[in-house]
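Shared between the two complexes below is chain A, which pairs with chain B and chain C, respectively.
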Partner chain A sequence: MKTESQSVTAFKETFNHHIEDLDTTPGWWRSMKREAFDRFLTTPMPKRKDESWRFASLSNLSFAEFAYGKPPSITNAQELVEKSRILEHQSGSFTFADNQTIDAEKASFELQKKGVIWTSLREAISRNGELLKDYFMKQEANLGSEKFSLLHTSFVENGALLYIPKGVEVEYPFVSYNWITGQNAAVFPHTLVIAEEFAKVSLVEAHFSTTEDVGALSCGVTHLFAGVGAKIDYTLLQNYNEETLGFQINSNIAGKDATVKTVSVNVGCRNYRSETHGQIKGAGAHVEMLSLAVADKDQEIDQRTLQTHSAPHATSDLLFKNALKDNAKTIFSGLIKVDDGAQQTDAYQTNRNLLLSKTAEANSLPGLEIEANDVKCSHGATTSQIEEEEIFYMLARGIPKEKAQELVVYGFFEEILERIEDEKLKEFARSVIQTKFSSK
Partner chain B sequence: MTTTTTQIEIDRDKGDFQYPEQHKYDAGTGLSEKTIDYICDVKGEDDWIRSFRKRALKVFESKPMPTHWATKDLENIDFDKIRYYLADGQRASRSWEDVPDDVKETFERLGIPENERKFLAGVEAQFDSEAAYSNIKDAVAKDGVIFVGSTEGLLKHPDIFRKWFGKVIPTGDNKFSALNSAVFSGGSFIYVPPGVKVSHPLQAYFRINAENFGQFERTLIIADEGSEVTYMEGCTAPKFDTATLHSAVVELVAMPGAKIEYITVQNWASNVYNLVTKRALAHENSVVKWIDCNIGSRLTMKYPGVVLKGRKARGEVLSIALANDDQHQDTGAKMIHAADETTSNVISKSISVGEGRSTYRGQVHMPKHLKGCKNNTECDALLINSNSRTDTYPAITVRGDDNSVQHEASVSKVSAEQIFYMQQRGLSEGEAMSLSVNGFVNDLTRQFPMEYSVELKRLIELEMEGSVG
Partner chain C sequence: MIDFFNKMTATLEIQNLNVSIGEKPILKDFSLTIPKGEVHAIMGPNGTGKSTLAKALAGHPDYEITSGDALIDGESILEMEPDERSREGLFMAFQYPIEIPGVTIANFIRAALNGRLPEGEELNAPAYYRSLYEKMDMLKIDRKFTSRFVNDGFSGGEKKRCEILQMAMLDPKYAILDETDSGLDIDALKVVADGVNSLRGENLGVLVITHYQRLLEYIVPDHVHVLYDGRIVKSGDKDLALELEEKGYDWVKELAETAA
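Now for the complex of A and B:
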């Protein structure tokens, strides 16, 4: 008990230092953070019996030992900026290393003239306060990570803000690169996208580590707001090193006739918890939630999803595919919730797990809660191995078994990868997956 | 077309009656060690049962309500107002003549003719918590089949039943299995010797007939090597104003190569809490099949399970649930794979009518070091009215070598085109709806014994009456 209160006192001190460093930021920003931190302290840690943490290993979630203070200066900034060039064409980019902006490519003058805002969170706090007051952390975390969401609000200091005014369509994606470099660093990637009526935009978020074996914490939040008829295309590529503890709490709101597509490619982290909430608030909206994960060694990838249908005539489609090697463990827990007014809903949820070792463990909790009767809803979950017949053709042609299995896995993921629009990004995602198989 | 109507006409009130209560033994309301001493004294039970019950009471008291995942409706159960034991002092009677007249009348009104029962292999009918009537057909007894009540089973055949009693479902499995272990009475204990194939299904009908009185049947069926048995459990209950509690524990043990089929048609009155733990232990090459239909009760929580302990064992759950206004059918299945090449199959169909809510909860578990296990789960939900509700919460864990699991679920409504087509041919909307719903469950009911599928079809028709309009 005594040690616990000591650690709380120490953590309070850490937070106070963090706030003191922000003395140039507006008062509302600091008081919002203080409030979040107070709630963080009183919110309990996830417990073994919590349904939203079922099957998860809670012993690895300790976040206290990380370095929350100011990071040492980034020595290899230029190298990181060079590495942060995945796409051929982009409308703008940010490169962050341990929460610090090390590179920024602004939106074109033409886009700025149309009213597009592409700015770092740090700048937005003083320049775009009104926008942040309306949209910053306004989508509640309700899939189990409330405490980590509050931790994020308490310590977040940078990130990317993208605002697209009514009717503006942007051709190339905006990109936000987030690097972890320091020992025991704690990073809080934040992405906020607001697309007004009939706006169209895409954004890519990438999470990388510079080292192979240095532990770190990443606690990220991404919120997308798609107004009437707006289109948002979002891709997250997570390839932290396998010592990282990661939380990614994503949520999107789709207004009337809006289209939101989210694709996640998860490869890294020791323990990774991802939460994705698709909130359908307008009639006729269409939301796609796609994800692929390759887990190996002792990795644990814990995915929780929620599709909330509050408006009629909307569709949502979820597909989560996981391949597991070695002693890896994955959890997929999804829920489709259809409110009583949401008639003519079409909602689908599919989870496919491919076990590539005898000791890997795949957990699947696909759920439905339906309160409207005129709906088409279904979910499917399968877990299986690669069947001998599937690779027989390749074996017969002299392809070694390991290679043949690898090719089957690549094929397994193509269904997700082909939904990534940008060709370069698609290629990059493929290569990231392939490193998981060549690293042996 | 009116002929269709006459076929489905059933007087619902027939199951809705009550006789004056004359219970010789009544433990009063509430639950304490005294209640347990009372039950043990009345039943003349051995000391080991008494201490088993008392230990269970402590477990029951220590366990919280499972409301962190289950419905809050459980909090409305007032354990202090429940009578935990009463019996009319009869030992299970052996011949039809010994059965009291009012009990006979109960069967009459349930529509089970005396003659029909005489053809059945064995009938164990339960009136309140003590078996009021028990009749094992000579042929079955000659084969060495033991078919008795729980009290008699533990007293007269402890060598057979004590070995497995409380082993498939331990006392501490959940709060309600602990409650049952503390106060159980009634239920059936069955032992089928090796190689015996019981040709006729063994049946038990039971009824609740006392207000605020919970039934705590305890059933244990042991099918020895290579034997086969089918057990049927069906129930109707009169309606009461205050809630009644029904919390049974059913344990099945299928020895190598044995086959057990357990069939339930549950139609408790709509104020009954039906919180049941059912689990089977399947040894090598054995097959256990649960057929479970839930039509009645206020809240049913029941997830029949099979622990597949022996190589090539197979477990199956076929489940139909119908939830009408003020009803919540929270049902499902558990398949715990614990040996190589075990297979399991779960097919669940639910229908929610009016403000009814049906929930599927499932668990499939394949631990590591197992090979060649397979599971298939399908759950389909049909929603009739715009305020009907359905939920699905499966949990699937797979590890190991060459194991595979597939789970599929869908939610739909009765197609408007179908209804329109039938109405064009002169059926009323209600009849069309009832036909359509029966079609939805037809592929399952076909697998049921004939009399049960007929009974079920009628029950669905009854429930669908007035659902449209």
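Now for the complex of A and C:
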């Protein structure tokens, strides 16, 4: 058995290898990573008593045994690139496999001329240093995963950077595909979107595995910055295999009159921890945070959310829906926080869980913390079983039971699916949900 | 010869059926044979077992069949799951159709039809929509309803028309209409009755369950049966419905008591 200090020493070595392997990176990048790693070491692991980890199975979160070093070369790159085609129209894309860029579709010359930057993080480190210094990892993780956020900063080496200058509107989404291919691989997907004043853009992030049963770690961060009047539409599709341990730490900042919409579709991972923070910093902003998850077998999906209102006249609307099969477990813990200056806030938080088996477990911890006196806020959580009469009605029309359940689940998710604008993306989201029903 | 035998067994046959809810017997030795091509009506006061008959035949789990049999074209359906019974050709129009939020009528009916196709086959979408629109037009259902969620926020009349739309699309061998007239005003009743009448023919047997004679003015039955306390106490032609309307259900009670 390894002692604590032995494993720390080993992990320090792993990190040093990682830093040494970074070739031409500038000094500020290295020192930022070193600093993050030092803080990572001194930050304690989550404990059972931590409110932000209530109900979570902490024993499954061990991250030390993964392969943090350079991945073996990607042998099936062409095949992965071909599989990385969800949308009919896109403004640009990246395909990453085990943190390596295997394909890039640049933004059009026209967009580049307008000042749009669509680049990999690896390239941005040397070419867009000033932008990164201002925006990279500048939204604090504060929902419990501080340690994993520091792990991300320590080991992140690639990702997608999207910068949209003032007034530029982009019609089609940018897409970032992130594949896990290696045995015990550790991947650190990173997405950074900066939309300046009155810019408009959408981005899709997809997380996939090439294998069905090989364990891996994904520790991802996505930060969105929406300037005055800007509009960002973000969709995350997470369909890793069910041996993967996943952390996804997302945060967005909405400036004055900005609109930010985030949609997450989560079906993969053995244990998945997602944190979503909507920070309303400008008056009149509108933030929508939507999520759907289908969990089956022994999956555990742990969702923590925060809606922070620090400016008046803004709205935020959160809807997280989970469908659970078999022995699956979900945790939803959400908080709406309204500062005393954020008068005339409209903030809503809803979590709905649909239990498809008697042994599934849905936990819900909604919360409000309001310091302003002129606000409209509500939170609600429901957990229900599938209605037997609904199923009987469908059976009575000749629809087989498994299909009837699937229809009820689609119906349950429809109010989220209908808010995905791109038709192909919506169709793909449906097909991802369907894999949870036809696999049996 | 083959046709002869097929014709012999082209019936929905209910033989000495006993049905309980919990411990309580509701249907008692109930027997009825409905040949294809005929419309039978069952009338009776509330609580005599009319809806129990419909739900037990459709296979609702709350209704326990303690003895007897029910056969479609000679084959017992009692061991079949509700979805198998439907695919075998039995249709029940619900008295209280269920709302299914998030599932559109078009997708719902498509799933029902896909369930009838061999493994791996899918409906032809343009042909499906052509057929759906044609039947919606017949039932005076706005085509926009294809993207409405099943029964969600529908009026009473819309729900019942939607039941008949499903019946028209699924093309059953035998249809049971459970109090399809309840909650309908006269205009809605006529539309529903017209829909049912247009589906009548030698390939369909119909059982109309109703409390009131009114529906039978528009769906004129070949036979009328009066149900009381779980049994048929009197059968006759369409005039029996009028007689019943005139004399009221107290008369049925007397009939039952003299019979017993």
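One rule holds for everything that comes next: the second predicted complex is superposed on the first by the 437 of 440 C-alpha atoms of A that agree within 3 Å, B and C clash if a C-alpha of one lies under 4 Å from a C-alpha of the other, contacts with A are read in each partner's own complex, and residues count from 1 in each chain.
What we mean here is this: a residue touches a chain if its C-beta (ideal position, glycine included) is under 8 Å from a C-beta of that chain, and two chains touch if they have at least 3 such contacts.
Here the structure is a predicted model, which means the values were calculated and not measured.
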For the overlay on chain A, clash or fit between chain B and chain C?
-> fit
Looking at chain A, which partner touches more of its residues: chain C or chain B?
-> B
In the superposed arrangement, does A:67 touch chain B (first), chain C (second), both or neither?
-> neither
Who does A:411 touch here: chain B (first), chain C (second), both, or neither?
-> second
Once the shared chain is lined up, is A:394 touching chain B (first), chain C (second), both, or neither of them?
-> second
Mind working out whether A:403 is in touch with chain B, chain C, both or neither, as first, second, both or neither?
-> second
Identify the partner contact of A:104: answer first if only chain B is touched, second if only chain C is, both if each is, neither if none is.
-> neither
After fitting on chain A, the minimum C-alpha spacing between chain B and chain C in angstrom comes out at 15
Okay, in this complex, where on chain C does chain A touch?
-> 58-61, 81-83, 85-87, 92, 94, 97-98, 100-103, 107-109, 111-112, 114-116, 149, 166, 170
In their shared complex, chain A is touched by residues of chain B numbered 68-69, 368-369, 381, 383-413
Within the complex, chain C is touched by chain A residues 387-390, 392-401, 403-404, 407-408, 410-415
Please give the residue numbers of chain A that touch chain B in the complex, ascending.
-> 49-51, 54-55, 340, 343, 353, 355, 358-385
